[in-house]
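Okay, so chain A shows up in both of these, paired with chain B first and chain C after.
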Partner chain A sequence: MPQWIAACAADDVDPEDVVPVDHDGHAYAVYRSPDDTYFATDGHCTHERELLCDGLVMGTTIECPKHNGRFDYTSGAALGAPVLVDVRTYPTKVEDGTVYVEVP
Partner chain B sequence: MTGVVVVGAGECGTRAAFALREEGYAGPVTLVGAEPGLPYERPPLSKSGELVPLCTPERLADAGITLVAGVPVTALDVRAHRVALADGRVLGYDRLLLATGARARPLPGAHVLRSRADAEALRARLRPGARVGVVGGGFIGLEVAAAAAGLGCAVTVVEAAPRLMARAVPARLAERMARRHADAGVDVRCGAGPVRVQPGTPSRIVPADGEAVEVDVVVAGIGSAPETALAQAAGIAVDDGVAVDTGLATSAPDVLAAGDCCAFPHPLYDDRRIRLESWRAAQEQGAHAARALLGAREPYAAVPWFWSDQHDLSLQVAGLTTAATEQVVRVRPDGAELWFGLEAGRLVAAAGLGVGTAVARDVRVAELLIARRVAPDPAVLADPSAPLKPLLRAPARASG
Partner chain C sequence: MGRERLARYDLAGPENRAAVDAGLAGATWFRSDVPRKRMKELMRRTDGPAIRDTVLWVGLMVVFAGIGIALWGSWWAVPFFLAYGVLYGSASDSRWHEAGHGTAFTTRWMDEAVYQLACFMIMRDPTASRWSHTRHHTDTLVVGRDPEIQAMRPARLVKLLGNFFGLYDVPVAFRTMAIHAAGRLTAEEADYVPESERPKVYRTARIWLAIYVAAAAAAIGFGSWLPLVLIGGPRVYGTFMHVVYGLTQHAGMGENVLDHRLNTRTVRMNAVNRFLYWNMNFHVEHHMFPMVPYHRLPELHEEIRHDCAPAYPSLWAAYREIVPAVLRQLKDQDHHVRRELPPGAAPFHVPSEISDGRARALTTASA
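Our next item is the complex of A and B:
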């Protein structure tokens, strides 16, 4: 059953940045876009399982910290070699200064 | 219609073949590799040892790329626009890409590590308790040392120079990595001078300066040399690598070169001709060459970038550390260290060392600063509480 989990405080993420969130042994990455919208993806790159939260956010792109594979974190779309597989995204909402992520 | 022939099916050649399709090229693409099997990633060979293919047969088929694997190219006729293969075939081309890579410098009596076959031969010898002697304290040698120590081998590293990774890594970070190796039980001996190997059971590593070391297995990681024989025999200009212009074109018409085999003038470093042995450069130059094969003319100007994993630490280097005349160090609260190299105020190189991917973001920002020719305030670079990303908003300097 999908459920909403409290992932982090909205202020924990700077604009155009990312933080790691762990829930039930699964790593997620929570992003705040330059226009203050929140997004969530799987925490690991689809290429060689590096942690995306150590990567650099530029605009709406997250870049893998090891091999520079890039994803659009708003859609999960892989943006070219070396990443070939999209990263999974999850719905988010913000309530009372807390970011919630809907996990399966 | 004879299409594009790519000589070399490593990271660079394979990326170029796929990039031709991504760029909309519809003609024949033939990818010729001297090694048997599917193209694969080389970086894991000296680390986890895992075999990671670059693509599946299905992806090659879907992209309409003809892979000729296990067949060296023996001759290139640039006037007739054709290559001869070791199996007797002759392929004509409209455009040719040389992505022949590099080969490990050999040391008689020692394993080397470049290919899957090299890695398999070495892995079979890395049994728990085996005494492993690594000649050369560069990236490959030290990654093998860390992997061997992790497999329970007793490892000795013998480096000719006074310190490890002297060619591309700042001394401070190299010293920290040396301590990490020592903590893991690796016996690191620098300043050994030239080394020879007496093969046998056991083998002996005999340095010019220092004691001989008795080991069961010897591995040499003493650099690589560009594969230029094919180009040279074809009359193409070679200058420590196949000489190319900023658009990766060689001296022969319709022949480009990219990746480890080529030496190119770098606009960020006074157009000095450099040759990189780098996974990322191989990829980027492969993609760049694909666009150039189709007529694009923009210069290749990406910032050189390397990484190395040793034990639990990862090192990343952006830019050319040798171009720096001043240095600034930042020590972060998490213990990760960053090194910045400046030349006349401008950031020209950066390096970071930390656990896992801890330094990746900072080194990536530094790489962007280098590309934009930014002259950051050294006090900001040194201050671990000052984020680096805002420096990207500084106006870029005019190029030139």
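Our next item is the complex of A and C:
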């Protein structure tokens, strides 16, 4: 049953940046785009088990810190080798300064 | 011994599975603690430095080739073609590397354009070599996993020395091109190139072979070596510097470790060498944080130097260590360079007894 979890404070994420969120042993990554919209994906790269939160956010792209694989974090789309599998995305909402992520 | 050695380093051999079983494949590596804010600054992309360096690189090749052509038939052409050859056959290696990581430029098409050009010059398929290098970063110097180990234990000295003039790599490159053009991969490539990527490999090989055939036909047609001196030839007569630089990266250092300070060198170089090598002399830094563009690596070096053994002061200093170490490894495959960390540095990340830099067979160690 999907549920909304309080992931982090909205101010915890700088514009054009990402923070890690753990819930029930699962890693998520929460992003704040340059236009102050929040997004969430799985925490690990789909290529190898590398945390995306250590990577670089450029616009709406997250680049994995290990092999420079890139995803569009708004859609989860893999943008080319070495990432060939899309990363899973999750709905988000912001209420009273808190970012919520809907997790399964 | 040669056959055993090749079997150990073969990605299609038993050491691959042994490394996986031993937890050395896709493992967690040591990284110095750098504050996120600072890392974001260092990772930030910009086109300026790479555009400047690429204009200089291509511009110098055009100028030197132009003068060489004008002086063709005279010995005065030799130094100009030598300079052209080093820019083509050596500097292309670092451009292949940096653009392959996607960190040189912030604009993707620029990165891709330089990558494709450099791949052609250094004779490495753009797709297969991207995956090969990805594996090199995942499993750096893990025996049976890393396809880019240059100095094995014992080293293949004839190959190493011959490659100062591409004598091994170039024939292998053409053989591999022929295999790709026929719609196949080598057994090693099949270990790391995904199925969906393979058609690109085959298409590139067919285009490249057509270019080389055209250059050879032009040479025959005009009765002149000039077309081959300009295209392909520099991978032979101008490639020695990329080997000089490349061997400093890992030769003689630890294998099967999970800390780049145990298997990688940082070497100080002058401005000319750093231009040709695009700052890859900061190699510990690059492996620890591959996201940092080449032009920010000197700053990253300052950021983490407290955790690292001192950088080698020169190429000469590095080779004073590399040559004896590689020669000793001909007889003693346990020997490897292990450097002392400065006081206060984070200790080496050595999670298991097999991760200590020795070249012991994993099949024995993990038994």
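In this text, the second predicted complex is superposed on the first by the 104 of 104 C-alpha atoms of A that agree within 3 Å, B and C clash if a C-alpha of one lies under 4 Å from a C-alpha of the other, contacts with A are read in each partner's own complex, and residues count from 1 in each chain.
Assume contacts are C-beta pairs under 8 Å (C-beta built on N, C-alpha and C of every residue); 3 or more make two chains touch, one makes a residue touch a chain.
Fair warning: this is a prediction, and the values are worked out from it, not measured in the lab.
Superposition note: with chain A as the common reference, chain B and chain C are in steric clash. By the touch criterion defined above, A:11 reaches neither chain B nor chain C. Touch criterion not met for A:22: it reaches neither chain B nor chain C. When the two structures are aligned on the shared chain, A:82 is found in touch with chain B and with chain C.
Touch criterion met: A:63 reaches chain B and chain C at once.
Of the two partner chains placed around the shared chain by superposition, chain B is the only one that A:51 touches, whereas chain C remains out of contact. In the superposition on the C-alpha atoms of chain A, the part of chain A touched by chain B in one complex and by chain C in the other spans residues 48, 54-56, 63, 65-68, 81-82.
For chain A in complex with chain C, the touching residues are 17, 47-49, 54-56, 58, 63, 65-68, 70, 81-82, 84.
Residues 15, 18-19, 22, 52, 279-280, 283, 287, 307, 314, 356-358, 360-361, 364-365, 389 of chain B are the ones touching chain A in the complex.
Across the complex, chain A is touched by residues 26, 39-40, 43-45, 101-103, 106, 127, 130-131, 134, 137-138, 194, 196-197, 289-291 of chain C.
Contact residues of chain A toward chain B in the complex are 16, 48, 50-51, 54-56, 63, 65-68, 80-82.
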